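Pasting in a structure now, in structure tokens, and then I'll have a few things to ask.
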Amino acid sequence: MCLAVPHVIIDLAQDGSAMAKAGAIVREIRTDLIDEPTVGDTVLVHAGFAIEKVSPEDSEELTAMWDKIRELAGEEIDEFR
Amino acid sequence: MSSDRAKLLSSALKRLTKRPTTIMEVCGTHTVSIFRQGLRSLFPEDLKLISGPGCPVCVTPQGEIDGAVELATRKNVVMATYGDMMRVPGSNGTLGELRGSGSDVRVVLSAMETLRMAEEMPHKEIVFLAVGFETTAPATAALMIEARKRKLENLSVLCLHKRVPPALEVLSKADGNRVDGFLLPGHVAVILGHEPFKFIPEKHGIACTVAGFEADEIMLALVDLLEQIGENRPSLTSRYEKAVRPEGNVKAVDLMDRVFDTSTSAWRGIGPIDASGMSIKEEYSLWDGSRKFDVAVRNVPEPKGCRCGEILSGTITPKECPLFGTGCTPVNPIGPCMVSSEGTCSAWYRYGRKGDLKWES
Amino acid sequence: MGKLNLGQGSGGRLTSELIGKFKAQFDDVNVQRDLEDCTMISPEWAVTIDGFTVSPMDFPGGNIGKLAICGGTNDLAVRGIEPKFVTLSVIAEEGLNEEELLRYGRSAASVCHELEVKLAAGDTKVVPRGTVDGLFLTVASMGQPLAKPLGMERIKPGDRLAVTTSIGRHGATIGSIRFDLNVEGLSSDCAPLWPLVKPLAVLPGVRAMRDCTRGGLGTTLCEWAEGTGLGIEVDESSIPIDEGVSSVCDILGFDPLHLACEGCALIAYSPDDEDRIIEILRSHPSGIQATSIGTVVEGHPSMVGMKTEAGGMRVVDMPVGELLPRIC
Amino acid sequence: MGKLNLGQGSGGRLTSELIGKFKAQFDDVNVQRDLEDCTMISPEWAVTIDGFTVSPMDFPGGNIGKLAICGGTNDLAVRGIEPKFVTLSVIAEEGLNEEELLRYGRSAASVCHELEVKLAAGDTKVVPRGTVDGLFLTVASMGQPLAKPLGMERIKPGDRLAVTTSIGRHGATIGSIRFDLNVEGLSSDCAPLWPLVKPLAVLPGVRAMRDCTRGGLGTTLCEWAEGTGLGIEVDESSIPIDEGVSSVCDILGFDPLHLACEGCALIAYSPDDEDRIIEILRSHPSGIQATSIGTVVEGHPSMVGMKTEAGGMRVVDMPVGELLPRIC
Amino acid sequence: MSSDRAKLLSSALKRLTKRPTTIMEVCGTHTVSIFRQGLRSLFPEDLKLISGPGCPVCVTPQGEIDGAVELATRKNVVMATYGDMMRVPGSNGTLGELRGSGSDVRVVLSAMETLRMAEEMPHKEIVFLAVGFETTAPATAALMIEARKRKLENLSVLCLHKRVPPALEVLSKADGNRVDGFLLPGHVAVILGHEPFKFIPEKHGIACTVAGFEADEIMLALVDLLEQIGENRPSLTSRYEKAVRPEGNVKAVDLMDRVFDTSTSAWRGIGPIDASGMSIKEEYSLWDGSRKFDVAVRNVPEPKGCRCGEILSGTITPKECPLFGTGCTPVNPIGPCMVSSEGTCSAWYRYGRKGDLKWES
Amino acid sequence: MCLAVPHVIIDLAQDGSAMAKAGAIVREIRTDLIDEPTVGDTVLVHAGFAIEKVSPEDSEELTAMWDKIRELAGEEIDEFR
């Protein structure tokens, strides 16, 4: 369920819609569900509606997690090499 | 995901899977994503992923599909719905087949497209067949609010929306539940936040992680779950931080609350679940297709031999259904889980019917 | 047996089933027993037929006239048969602009000209408004093999597979128009294959070619796996897919392996000839994206496996039914 | 140049004009320069193509499947070319009964069987409801001449003309259904011509044959007169017309010379061979009504004259536009 | 007709034609019948037949056609008419072409077919485009009486009917009239009887014979006319006794009188003719399409160079029009006389464009 | 104008319609415009309506006329023979 695709807002209209870009596609989306849509925001679009802004960068927690995983996988990865 | 990262995650998963472990991916998009990206072949043997009731098309009872199909055949009705619904079989055929017999059934990408349809066809009754969980329901709510504002008399909604958390509660407390952890649906969590899922670890002691849909997001979430399980400290974590705020999307929840009441709703193969439905509030009754057209919902028995009920509750995998791949294939599907492109049986058949292929070349 | 549905027209499993049932009616008069798209009617001549309908009739990269001659001759080209003649049947709707019809005719003629193919016979019908959507063209083509015709019966385990260009561009283009998506730089791959593959027709290392049309690369791969009883393995990361195509797939939930191509061939060849074949293809303007994508294997007979970008492995199947956007 | 209209589909003058304009787009790639309905692509092989649409798809005397193979092979037969292969393109509407489609397939196959013709290639498309009216079939056929192909260039002044059966039955049948007339004993003449005309293909006295399809006998006569630059004279009282056909013509104001035939050929031959030719035709079940109807003359070049039953003389022309019932 | 009888009649005509004689066949069906049966080639050279204004399609002014075409384009309108009308060009195309651009225009064989159409399509406005002379008008009257009886609110008639005798009066008294005799329209006489035509011989001294449509009926009538002319005793005779009663069809005339008033009507190429029109009576105004839809009739000039006016009044034959057969052919018609299948120019072109063929073989 | 075809009435209905035969065709016609339609009558049908009964036999006048014509054509006819 719930195929959602990140789009970057490139233009805002008055009526709660915006133009947004996803890869090579530029399309109209609704911004009713998010706060302060802004040009440049990356938003997750589902069924034509932006349902949330997404942060383009990994959280600190995530970065920490990757470190842990590298550690955890250490030996195994060597086996692959 | 780079295959380097994949290897990393794959070996992390192997390390963490210390005993046979069962994780349920609740969301149909997770099911498809896991299959399409071939992730199952990267999991250790003891890690078993089963699918849950997370395909909204699959969990809609046949009687409700039949009601929608009947409504679409009415002379003046133009029915609009998401592509997902076109192939689901009612007792007398699918919406797609109906279009083949001359009914006007249209595929839309957004509920809002029906506004223009209503304005352009004043002599027709436009019915939006609304299906989906908490992700799609806010769009339906926005549509109804707008239809009311514009006083559109020829637009209505046949609402089949469902809520995810109550279904997870039923599964969590079911006898014989063998789920060690839930891979929680990322987009539902975007809307609802963490709170509505906390009861799962807290009341039922089952590990939970909210997951995104990329390969690495899914595998990271599995790492998270396996750690919780291994350390026996079930909690609710999120590996979809880039999109999910712990408090969810307040605006979207508010829209749903303005338009929908919470009600009991029947889930195909599972049965009625308290508080799992969305019924249209009295003040929007003029835009409620079910009331407007007095759509009848009969109780229709499940197709004979089909074990979708058990599939949807994670009790069995498709391979355990004797019809899978023989009597029931995507070409001649028996149950909804084989029809919907996000159905568990369909995904198993299309991407993994012969088990996990081994790379030869 | 019920009513025909669109799924039966979308080139995947349901289409194969319908075609099978229809062909069964002709059992005692049918000489086209194999799964190839053209048939030798004598040692010198091969023939094929294809019907063309596309909505809209004009699309970025082509129109129905160009499409018809490309598609109608590509089925010959991929068997190493030089297209020599086409015959063209036109069914046009009352109310269509005459100038528009003639323009499609000119497009068709210009592909004939490029291919040095001659129009041998034609038929033109105008039918009442509402009984056809604009225009249907049917092309039957005749050609002569340069060598022994290629065909999937030649495919052996260990053979390599290549595509001649990036996949799914025709299907994505039509889908984007149908669902009103504005996709930068996307256009149909609609093109005649003969100029590109002619040099391969005489290379002994080439086993078989197929144009990936309705149902896309995935369907063609499955047809070969099922037709030969061999396994096929492809590598997802090697398959050329343009950004426009992936964007359309992301938004509509389509699998690019299931999107129609109209100027892309899948080629099976001996691994020894790989460099030469890719070089020949890339030296032609419509083959610059040519890439090897996989291998024929003995394992998992009749099945196509794909090594995913994540390093996993999954089955590739034909699409079932009409391609419909996934939302929820 | 405006929008296409139905008149352009009815087989008369407007059709010729439209076809002329469309063919002009292919000028530099067109080898079908004459007015015959099939073309030799090599000394051994001839090819033709025709699209078929008929409403209703089932009619007394046949159905669209039978019609397609008859029509698709008759264009070869009338040039003395033995039909050997057909290719068949199917465009079917979503919602059509699958069993109905298969039944038309069986009818088509049974004509193939009768003709010992093989199906060499096929194509099947299902298109969305409303984009085609039920079913369109396109048949391209290939055949081999038994002798030098017949053709109108052989026709000389003094040659006699015959029809192989009574005229206008297909057109009258379809017209009667369309305008809801109950006509006793009327059925389409839809039939394959090869079994009937095969013995004529090797008779040196036979000059040319043509199947009178859309536009009827009148159109075929005009095409020959205009194509050869000679005059033609026919005798109205000798033209076989069944009672059902004349009844339909009386009530709808149609000219029987303009009604479509689907199993009737016009034959031009040396007067010396008249008896033999008529005898050969009449010895075949579908030729029992065969009759000589006129003569090729040097006078009134490119014009067809008819001696009427009243003993007068009038011009025979192609129909212009759609056949419409006359009332007032 | 047997060719024996034809020979007999042919030689009788030769005997009787003592000087150049001009007969006008008033009826388009006579025109076509004469050509299609090749009768012209059986006439003596001095006997000249010219055609009159007897094709109802041809004499309808372009402005009225335009009004009908405009009405047919209206969204909710289904227009039904006789096949004859489909090809007649208005300024912006024909009804047939309109159908090609999506308008709903249907061919009927009888006015009464529109009753069922109206009942089967209650949400559509069915308009019967009524054309023809006194033969067809009674059917239209019967339709309107029935529509009123059934209270059909969605059926109406756009009435273009015309009366023949007033037009013949105009032609008879026209300066330069060169007609020696009229071959009167048999079927109009079936309805009207002899009386309405008697003024022609009596007031204008022109011979008249009512004729049937078979070859022998036409030739017999010509014999009759030539005798009258030869003996210089113009009168009104009938060679269609098998169908025409001298008093006409009283019932049919009565029906017309109940529904139609007599009014001035414009004839294409001829101009307005007193008492030649049929306008719908006040009490049937609810079923009068012209009033119901406020159909505008503009004055449209005739196509440039077209001499249909002179053709219709018998002043010239098609061969005298410089466009005939070159600029104007059935494929690319300029005027209505070339379009209508009963049009004089069309008949001349289709059946006799190269003059009378001589039998060679 | 006014293509009309003789039909023979073969069956009468109450509502002013009748079944009539013209050659090989049997069709419904309206009889509103004629007096006492009777099975066996030959009627002239125009635009779906019987507009008159027709007498199948030649009138006396017509027979006389043929005699006159034969006489008139006498010599000419001989020329043809």
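To keep things simple, chains are lettered A, B, C, D, E and F as they appear, and every chain counts its residues starting from 1.
To be clear about the criterion, contacts are C-beta pairs under 8 Å (C-beta built on N, C-alpha and C of every residue); 3 or more make two chains touch, one makes a residue touch a chain.
These numbers were taken from a predicted model, which means no experiment stands behind them.
Touching chain B and chain F together: D.
Separation of chain D from chain E in touch steps, taking the shortest path, is 1.
Among the remaining chains, those touching chain D as well as chain F are E. Sorting all chain pairs by how many C-beta pairs they have in contact places C-D at the top. In terms of their C-alpha centroids, the spacing between chain C and chain E amounts to 59 Å. Rounded to whole angstrom, the centroid-to-centroid distance between chain B and chain E, based on C-alpha atoms, equals 71 Å.
Taking each chain's centre as the average of its CA atoms, chain A and chain F sit 86 Å apart. Annotation for chain A: residues touching 2 or more other chains are 1-3, 46-47. In chain B, the residues touching two or more other chains are 7, 10, 56, 82, 99-101, 109, 132-133, 135-136, 342. Counting partners per residue, chain C has 2-7, 94-95, 128, 251, 253, 326-328 as the residues that reach two or more other chains.
All chain pairs that count as touching, in label order, are A-B, A-C, B-C, B-D, C-D, C-E, D-E, D-F, E-F. The residues of chain E lying in touch with chain F in their complex are 7-12, 14-16, 27-29, 54-56, 82, 109-113, 132-133, 135-136, 138-139, 142, 185, 187-188, 190-191, 213, 220, 223-224, 239, 241-245, 249, 251-252, 255, 342.
Across the complex, chain D meets chain B through its residues 94-95, 128-129. Chain B makes touch with chain C in their complex at residues 1, 3, 6-7, 10, 35-42, 56-57, 82-84, 86-87, 93, 96-97, 99-101, 107, 109, 131-133, 135-136, 215-216, 330-331, 341-342, 349-354, 356-361. Partner chain A is touched in their complex by these residues of chain C: 176, 181-186, 243-244, 246-248, 250-251, 253, 326-328. Within the complex formed with chain D, the chain F residues making contact are 1-3, 5, 22-27, 46-47.
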